[in-house]
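Below are structures written as structure tokens.
Both complexes shown next keep chain A, but they swap its partner, so chain B is in the first and chain C is in the second.
Here is the complex of A and B:
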């Protein structure tokens, strides 16, 4: 029985093992520096913004689709939000912030809807459709801002990114945890989650089983882009501004995390708990690399690229056993 | 030198703990057609892969042309004159017939420069070996399966093949094409080539083979001349049990038709199709590939188009615009291609069974009743005796017959008036085939209206109380009761 449990979670154990190896590696090189409280607070502060984005993209991947447009869309949405908030600086901050957030999320819904329509109704391959949309959103942002940063966020908003609740819990982390819980619930406990895995595995069979696959694809793109936009809303808070090309490196980083976690873009695969482990592991690597001030930042890009390749090679060689979906405990007993 | 071209004795092969081949003996003479028969998963393909050098045997002896063969690679096998024509045919669909025929010899000869004249010559030479004519400059992907097969055979002949192994070549062919293929096979046989023909279709095996080797559960249970076997023996060797044809006797046909189709037309696919279907009936729709039979079914399930004509369900005219609408109207459809249209292979059996009934499992806030999902699907696993110990296992772990039972239960878990089965037993072995037929008879007699679409005439004859024959998109004949025989259907189709 015990070995069966191990087999079921073997990939999770492998990921935890990888995290331990990474920690040991940096400890060996940097000694106690890796274990200072500040370092870990920094980690907890930094991963939520792209962690949230990754959770959004996860839905797209499980559905067997791809989204390359989410950061460009998120940047456009937040630029619009910041512009609105800047223009109403003299009104009460609370109300302005809420309207600003609503504007950003509204734009994300529209962006997701367009992606979904292109893919589900016009049958454009997801990568092409969303790369085109990426260019459209980036173009709009640059046209609006001339490529400059947009400032003027109320200080109440920029504080969000730097506040520690009860002195130790960063607000971005809290937002991440809430979104993580919602995503978990959606995947594990709702009919939507059930359909998502089935549609992602074989969309044609799902259609032949009287499932509205087009609605599923469109809904998933909207969900993905809205969650990604929330990530961008956290990002502008820590940056205190919005810009057309913020976080563009997150696109590849999110894909890296998902592939590492076993959420392959083929669809129908992957567990959200593995995604969490992969997000944290990647942040530890990022933090660790930053501890070498002499290291040229361009090497970081090299490291990420090499890592993505290694993970891709690994994942294509792994038996699919590791990438099963997670089952609710109650059901597993039945 | 022995009279055998290839002789294998006591071949053993295990994968992990699974004994795929257990002391199998096999022998084939030049100039003979040898059928390798057996149900799915009996070890046929493993044996073929050992012959062609893809797998290495654990133990046993292999003699080829009187010489003992130790280890061989696929390249060695080709050099020795062993050619395998796999089901997927291994062709390049985007290249022309000529290029497909010539490319291998060009590569083997290590030529770097393209000489179209030489290519054409090679290709013509290949085609002339079986006196087959086709436009050399047609793209391979545009050819019918039958033509692709003949091109593959020609290509094999270019290598001076002594043994040609054909892996279920007739699966996607119409009767006419099968006849043409058999003509070629006989021609090759008479020229001294040994043919190993893999199949599980009884009729074909008796028609074409000189010798037959029957396998079951990794052992060979029969090896000898086909003439010494009766069909009954054959079925017994294949399945290990005696099977009788169980004709469908309708007992519960309703007066009023549940489904009425009038002058239904989907331009370029089928036209002016009219028929009625009553509860308790099993209606057969048969015809060749391309006769419009599948398209008709798709139109009744909301995945096809209707340009004109009407569909009446329980006396009310209906428009079926999507599978969701079809489901609401209590129509179910078991598709033709189980693997791409019927199943999510990488998902659990249970989830596949419940895929079209997720509404039943929804509770507040769109949450899913996991418990019920497993209980319900376990009931179906029991009802249909689906061969699994755990419904959490992936659908891909099951054999064709059991997979088909999943697709069936997926629809039967809905309350249906009409169930459309398209090729319900394609790729299903004899045992499971019987199970599925018995089940459908039972459902019909309990008041379900069933349509079976099939080009397996034996299946239509045994299971239907009424048959519609389609040709070129139109209905060309209808027969009931004793008038339904394979001969009568063939008379109309051809």
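Here is the complex of A and C:
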């Protein structure tokens, strides 16, 4: 029964199994409501914004680093972008939007660079360095806006958040799929991806293998923060505004998704296809819990936590799979 | 394997049929946040309304005040298929899109604390600024015996609504209480800090020995001023009022330093939102003077929000006194 493909993908199968259990659970209790077309269109609209952010953070985790600043940085970047777009409301919208996006991504590059420099050159522990930067970016945003929302996005931009291509494909989902494809290619088919796993597995060993680890860390932080910023750019489209504290609840959610997917902040492990399954599962749970009039939103966190426990227990119990295998692979790579 | 699939499909069919029934509208109420005393109080109000009318209300809010979380919850509810959406946005701007989608689907959308919103059927406010300012003055004047010197206090000179309340209070005094006088300093700011309100009260009493009343606005003003009045031993001779949380001023209400503070009951506003939505659902219209079925909202006012949308306000402020502070739970 245990074929090679099964062994190789046992973690993926376990996640898929859990997703099926979750779906069955909500179907059994809520029946048709779970399978309404609108509900699934909603799910497809909802997960891309933090899904993209999660994909960005994934690079940091695989590299063995942590980033706590991504949402604050993304908010600052999008606030600047919206301010620019608002100030140029009378110019042609297309050009203004492109410049606005360029401004946001430019700020993300700077933020990623600072994170990378703090971690790679000053050897500040990643959590400390990026929490400091989180406070800096949030502080700048609040100083700039007095904590208020910033409006003035062209309607062309806000339409992105709720437009369906061909009537069924939400534009945010399309953006997510493009980012996913690029991230998958980077991890699986480039030298960068290979080196990234090596650096994450054992940074000293990678250094001795003639990898410029500092450059890798800085590059990864920039990549992470740019992708996160793209997520924030999707978010401000659904919100039609930017603010210093939008999406702060996504920080823990993204970390949860990654750990659930087996992408541990220890570095060097995890697969991007598992991340996709974990993102969708987490959104199904959130949407599912919202179908119960008497369940408050804390139950979603409860189920998320329980699911995480199940995954952790199952993966350590699986003799040849899960984290044990991942760890073994990590050791072998080192 | 086939059997399992067949069984699941059969189960789904049964349950989906069971999901359709009843003639009442499906109503959802989305607060700013859950698990916090102010909003627990609102939840109790909504639940009481639901029990009273025999109509279920789905009460669902985020565990943080993050708009992203709130908008996701609203999206889920709208996609499940609801008829009425009542809510209190953390950021009105962030909710415009989802409210527009909801209204496109025929959902009745009623907001509160969002008088500037466009994509709602109505926004409902407990009071307007002039009404609350006049109410604060009426309360203080009654305590001061309608005579003596007073001063106004705000959190900060840049806080628009608090300054408007204070202006309205002064206008009320000038119109109705000729024996009261505003001292030359007119207005002080305590930076939304009860300690600073205490210091200011001490200093002001030194500067104006005849000062008899402090008309505060923000929720730090009355607690700070009351501490100063108590320490100076002037209970019953000097008075203070502002908007305040009952639990934070309960000691002063009990020992008589404060006679009353002003507040509006957000759970009543929530009930009024539901009543208004039911009225629209039944095809009735809401006009100036309509009765929305709760105390303070028997003859509502309608105002233009400047974006071609009307919002509703009531006379929903009330005096929190030693007799009723416990009923709020916060």
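The definition used in the following text is that the second predicted complex is superposed on the first by the 291 of 334 C-alpha atoms of A that agree within 3 Å, B and C clash if a C-alpha of one lies under 4 Å from a C-alpha of the other, contacts with A are read in each partner's own complex, and residues count from 1 in each chain.
Just so we're on the same page, contacts are C-beta pairs under 8 Å (C-beta built on N, C-alpha and C of every residue); 3 or more make two chains touch, one makes a residue touch a chain.
What you see is a predicted model, and the numbers here were worked out from it, not measured in a lab.
Visitor: Of the two partners chain B and chain C, indicate the one touching more residues belonging to chain A.
Guide: Touched residues of chain A are more numerous for C.
Visitor: For A:297 in the superposed arrangement: first (chain B), second (chain C), both or neither?
Guide: second
Visitor: Now for A:90: first (chain B), second (chain C), both, or neither, which partner does it touch?
Guide: Touch partners of A:90: none, neither chain B nor chain C.
Visitor: Give one of first, second, both or neither to describe whether A:238 is in contact with chain B, with chain C, with both, or with none.
Guide: A:238 sits against chain C, while chain B stays out of touch.
Visitor: For A:161, select first, second, both or neither according to whether it touches chain B, chain C, the two together, or no partner.
Guide: Only chain C is touched by A:161; chain B is not.
Visitor: For A:27, using the defined touch cut-off, is the partner it touches chain B, chain C, both, or neither? Pick first, second, both or neither.
Guide: After superposition on chain A, A:27 lies in contact with chain C alone.
Visitor: Under the definition above, what is the set of chain B residues touching chain A in their complex?
Guide: Against chain A, the touching part of chain B is residues 303, 322-324, 326-327, 333, 335, 340-347, 351-352, 355-356, 358, 361-362, 365-368, 370-371, 373-375, 378, 392, 410.
Visitor: Taking the touch rule as given, give the residues of chain A at its contact with chain B in the complex, in rising order.
Guide: The touching residues are 189-195, 197-198, 201-202, 204-212, 268-269, 320, 327-328, 330-332, 334.
Visitor: Going by the contact rule set out above, which residues of chain C touch chain A in the complex?
Guide: These residues of chain C touch chain A: 8, 11-12, 14-19, 34-35, 56-69, 71-73, 75-81, 91, 93-94, 96-98, 101.
Visitor: Which bits of chain A are touching chain C when the two form their complex?
Guide: Its residues touching chain C are 24, 27-33, 35-36, 38-39, 41-42, 45-46, 49-50, 149, 151, 158, 161-162, 235, 238-241, 243, 245-250, 286-287, 290-291, 293, 296-298, 301.
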